[in-house]
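We just call them A, B and C in the order they show up, numbering each chain from 1.
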């Protein structure tokens, strides 16, 4: 029996009359790459915020890394990593300064930060860029660096919010190699994306429509169930009927 | 023309729909007038007064007791040389000094009149006038009580002297000052920010790729703020007349015309800033630091320009608000006509023309 | 006549810094749906800005509708429709107000060209009183398209109209473009999504300011030099790594549910399977597959 690192039960968030996330129930296992898909406005962001301890649910329950999302948000934050396309690193700091800063806020010791940043730069092949400003790096490198920084403190789970938007296909795959490697090390990956081929790289995916999880399975099983060969079609069949958008 | 009107209508929609900013824009002049007019009105109570009694005779003692009895003063009796006194004034230790000459009583009895010197720190004109008036009235009271029993009237002659701001500038000076400040803020900052916002959101890019003349894009931005500013001028004048009892001494139409000129100066300045910057933050900072601060410092309504070092006096000449401030003071408070302000008007007009020309020169029909 | 002709166009930002657009040439015929396909930072936006006359090129020339982009910029601005990367609408104006505003700016009225935008506009019309800032990504995109179309442009430039939009809205958007094409409007569109390339008549693959190839999507695919295989096994990561280290591998990378790989000449299915068995990966599904635009792009990037 594999360890469960995220467990939600009828997790709901209301904003007035509007039910952004409507009773979602699912589990994510240790070391799993879990794809969290949905159309714009389906409630993905709200759900993710609740799981990261940034937003208090209206009802239902959820544990992340074994901690309760109502009461133990501080412990949750210490055990997760987060990266989004919009905010990742400080553009006006150098690569090393960014690593030192993020290592510092997660309470890593100086010696620890030093060894980790060296191995991180070696892994990414960025030793010669260590003293460059992050703003001067190509987008793809920024994204890879930003992911590595998000898992620097060895979190149990890392949340990735559309991490590869606009990145070229080769860099995108290098990015996914990093994700695979992290998953092999036992880090659970929780990822949202608009690229349907990336959904295929996930062990399991859920598709949200109008605040509810309409489907949750392996990509292969979903394609069989919806009698199609591409994830794109699965998504289209499910999300076409969506009533709402952001 | 229809295009231009559509544009202006759109600008009004932007202005009117941004409720919070609108509230600030219309509320600001009211609040500022009230703050300057009342909150800053000087508290006369417990002002420290130095009394130098060189006479130390019966008459001076009697008068001193009366002054000491007043709740307005905190009397400090000590003998100081004029030099020490000046230092005490400079340090702000005392607000006023009353000096009795050595032979006060004798003068009074033999020559039927005596002098009292009253020196007041007038950097805060409101306080200074109140204090001086108060002391004078105490002296008059005392004089009246002496004269009740005498056939030949005795006279105590107060010699009042104001230091630091002898003309008592500032009593009503803040009204023209607030006008300059508000217009500067609305016209320069709001115009600059609203144009730069279009650059930031990318709508400027679409507008550039349209047959609409880019210059008109910018001019149409100025129209709502022109009107908004005139409303603000009206508010300030009404407040000043009905709340502060400070009527417009000179020609109202002249005042409005001069205000419109100053508004246009500010609008061109705002447009120039917007042409030179590409983010709302920078536009805001330049407007605040580069325009608002100089208006406060160099227009003369907070700090007298005559007391500034010469280089700063020279710098003050390039601040448009200084000239507007002079104009408003002349027309509104002194009641002077156009002949008294034509020079200032010409300078403002020249500045406007200059800003307009360099704006046109710097205006870009492309992005980079 | 060609609607757009681009000849050795170049643009450099800053002093001697990276060339954002490096000697780019292509032509777009009237009524064509032409796609610039490439990742962020490839130079797509700079090309669009130069063609829409808001940016001056450093070198080369270009003409839109036979008009020079530098000399005749005023006339071009009358004729083209442009939707920049960020949806450029006024968030504090309603749908209706935005549309009326742009119609007036372009010297026309909504009624005059209503037939052109009708199909798109009816989808957002029920919300016409709503402010643009409160619309969803898909709806904003439709409104922006209406605004760009309202003056019946001869050439429509759409810079990354589908970025950040969910797959359903993206699909709808491309259907709208197809219908516009039938109205004989030339459309130049850019996108970072490779799967959208097949929906264009012709595409230019672009990276680091340079064009890698220009052709119809079918020809781009047909020109793929190697035999491409799709492989699959559990766990995928082990397979990916094994194939990557195989000495005869030319290209290998994850591709959706499968991984794609091409090998040196003479190496076929049997050889690969044997190698994988030696590596302890036995249950491998392996088949020949037709390359996609993305495969072609990766191939061009790697070589």
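Definition applied: a contact is a pair of C-beta atoms (placed from the backbone, for glycine too) under 8 Å apart; a residue touches a chain by one contact, two chains touch by 3 or more.
Quick caveat, the model's predicted, so the values are computed rather than measured.
Any chain touching chain A that also touches chain C would appear here, but none does. The pair of chains sharing the greatest count of C-beta contacts is A-C. A centroid comparison over C-alpha atoms places B as the chain most distant from chain A.
Chain C has its Cα centroid 26 Å from the Cα centroid of chain A. Centroids built from CA atoms put chain C at 60 Å from chain B. One finds 58 Å separating the Cα centroids of chain A and chain B. Partner chain A is touched in their complex by these residues of chain C: 38-42, 136-139, 163-169, 171, 192-195, 207, 236-237, 240, 253-257, 294, 297-298, 301-302. For chain C in complex with chain B, the touching residues are 13, 49, 52-56, 73-74, 77-78, 80, 82-93, 97, 100-102, 104-107, 147-148. Chain B makes touch with chain C in their complex at residues 2-3, 6-7, 10, 13-14, 17-18, 201-203, 205-212, 365-368. Residue ranges of chain A in contact with chain C, taken from their complex: 38-41, 138-140, 162, 165-171, 173, 176-177, 180-181, 183-184, 194-197, 200-201, 219-220, 223, 230-232, 235-236, 239-240, 242, 245-246.
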